[in-house]
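Presented sequentially are two complexes of chain A, the first with chain B as partner and the second with chain C.
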Partner chain A sequence: MANTEAALKEATTSIEGVLGAALVDYTSGMALGTIGGGKDLDLAVAAAGNTDVVRAKVRTMEQLGLQDGIEDILITLGTQYHLIRLLRGRGTDGLFLYLALDKSRANLAMARHQLKKIESQLEI
Partner chain B sequence: MTAEADVLAELRRLRVRVPQLTGAFAARTDGVVLAADIGSTPEEAKERAERLAALTASVLGAAAQLSGVGGQGGFRELLVRGEQGYTGVYGAGPSAVLALLAGPRVNVGRLHLEARRAGARVGDLIDDALGALERPEAN
Partner chain C sequence: MRNPVSVVSPMLIRLTDERATGVLIRDHGALYLIDGQVVHAEAAAAPGLDVLLTSGGRLRPEHWEEAIAEAGTRCQVARQLVINGHLTVGELELCHLATLFDAAFFTLATRSGATRFRYGVTHWLGPIRPVPPGTVERESMRRVRLLNSVWPYAEVDTAPVRRRTRLAGRVISPHRRALLDLADGIRTPSTIARELGRPAFNTLVEVRRLAADGFIDASAGVPPPPGQQPSAAGAQPSKEPSDPAVKESPPAPDSALLRRIREALEAPR
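Our next item is the complex of A and B:
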């Protein structure tokens, strides 16, 4: 079992090409923890902005009448992947893991696989 | 009060950027309202803002003291979560604050980001206006 800091650290070491990562509470739009980021990637801005992304998708699914949950959301940029994984373990409702990846270095399948593993070990 | 129109424009811009906001006003730290966008009519906005600004002024003193005595320095911001939403007070320069009311589902991360930026801009607008008042010959 890993706490927030350890889980984020694990994400940056086990996943290739991580530019920054955050554990975000999308009921408030604030990050419980961040790692990496910096001048080119403000993770507080990313946490708030991606909260809007997640909320919009949740609302859209309600309006479509889909009785289902979101596992992850992938946003592909020219040079980056942004991966959002909604957590559903005990005590982690309303949280998502956010990962910004360098597209030229990242292996998307591996990143998703690792993220799933990190989620299963995370304890808040 | 030459800055009132500019400050009001800033409050309106903030309400567009954070749709969950239900009201916003700027006030001096002594409780005098500078601009308000907080009701359906200008009269209602004035009345509500004056009442809230007076309360804000008294809370500010306690908040600044709390922060100072706790060794956390001067006042920057204050967020109160009520059963039906949030009340935020953000420093806007040395002599004014920006106060916001928001619904319970507001994105607090975004609220902080936008309110801090707006607070700094409102502070600059007020400083410019005060500067102009002190140097009337410069205009």
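Our next item is the complex of A and C:
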């Protein structure tokens, strides 16, 4: 891959309707890279908050005794989709990609497909 | 209580404004600046970039040494790692940002004596992805709040971590299991971070979460009375037990402290 910024940039250009994207460290809740966002969508706040979403789901799975991993988490709002994709790779000790999409412009199936592709390029 | 981060704030603002190059030194770590931007940070408690890269098997130690030998004097070691084809730019950036914010947290958020700035000093690693000091400062403050919201007793941050013996039947993720396996009552969070090749702050968060979940013995800290689990974000810990019955009882001997002293004396040198 080129660099973090390029990978995130590709996410926003190759996926229709992206409002913002962030690459987040899931233990600390810190955004290691962000693109897009703005006053309507503070990606640093979104990164920290969505860490709790991922943690809650991981915890529930532990309690249920599910021996499985999360691929992605989809949250559907009235006007937006929020997509969280957990990255797994050699050194990825808990990173996830967070994507906010405009519901009226986004194609969810395509977005998930593209996100998978970007993940493979990140190969962190 | 004054936030320790805010103490250095005016100095960082001034250094940003004058686009300073050099190193900001505090008791627990240092921030390296180029043109007023933070390019690197180091702290005794936080594992360095080499530890994070090599312990996970991502980079062989000899390749790290090789890059230092080739580009150390030119202060371009980071770039050399990429030129030599051992790392991609993305990997380097992500891993380095993790170490930068990790060390910056210990540098800025720990109570400290004097803060000095030495102009003109640069780090041999070389710039990778500069970060505005304001971002570093905000992130450090957020980390302080995060730790306090998880478990507001900072004693567990520096004390040896000891797992509770009766954990049978409790589901533990592999990530936490790796940490608990090293929680032998001798290793501190900082030692564990180094051995696992994880950022020290991430280890602190995990240790505090384990304390809150009852997986580790947190008697070194001040556990809240039953029914008074810490929940409010950023709540200041009260050292006084609020239950009158507890208040009236004679102070219990600090067995955790005694045990730690004994272990420290008996630890192999």
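Just so we're on the same page, the second predicted complex is superposed on the first by the 121 of 124 C-alpha atoms of A that agree within 3 Å, B and C clash if a C-alpha of one lies under 4 Å from a C-alpha of the other, contacts with A are read in each partner's own complex, and residues count from 1 in each chain.
Methods note: a residue touches a chain if its C-beta (ideal position, glycine included) is under 8 Å from a C-beta of that chain, and two chains touch if they have at least 3 such contacts.
Remember, it's a predicted structure, so these values are computed and weren't measured experimentally.
With the C-alpha superposition on chain A as described, chain C and chain B clash in the combined arrangement.
Of the two partner chains placed around the shared chain by superposition, chain B and chain C are both touched by A:Gly29. In the overlay built on the shared chain, the residue A:Gln63 is in contact with chain C alone; chain B does not reach it.
Put chain B and chain C next to each other and count what each touches on chain A; the higher total goes to C. Judged by the touch definition given at the top, the superposed model places A:Thr4 against chain C, while chain B stays out of reach. Once chain A of one complex is fitted onto chain A of the other, the partner contacts of A:Ala48 extend to both chain B and chain C. Overlap of the chain B and chain C contact sets on chain A: residues 28-30, 44, 48. The touching residues of chain C, when paired with chain A in their complex, are 56-58, 88-91, 93-95, 97-98, 101, 129, 138-139, 142-143, 146, 171-173, 175, 198-199, 201-202, 205-206. In the complex of the two chains, the chain A residues touching chain C come out as 1-4, 6-7, 23, 25, 27-30, 32-33, 44, 48, 58, 62-63, 65, 90-91, 93-95, 122-124.
Listed in rising order, the residues of chain B touching chain A in the complex are 107-113. Across the complex, chain B is touched by residues 24, 28-31, 44-45, 47-49, 51-52, 55 of chain A.
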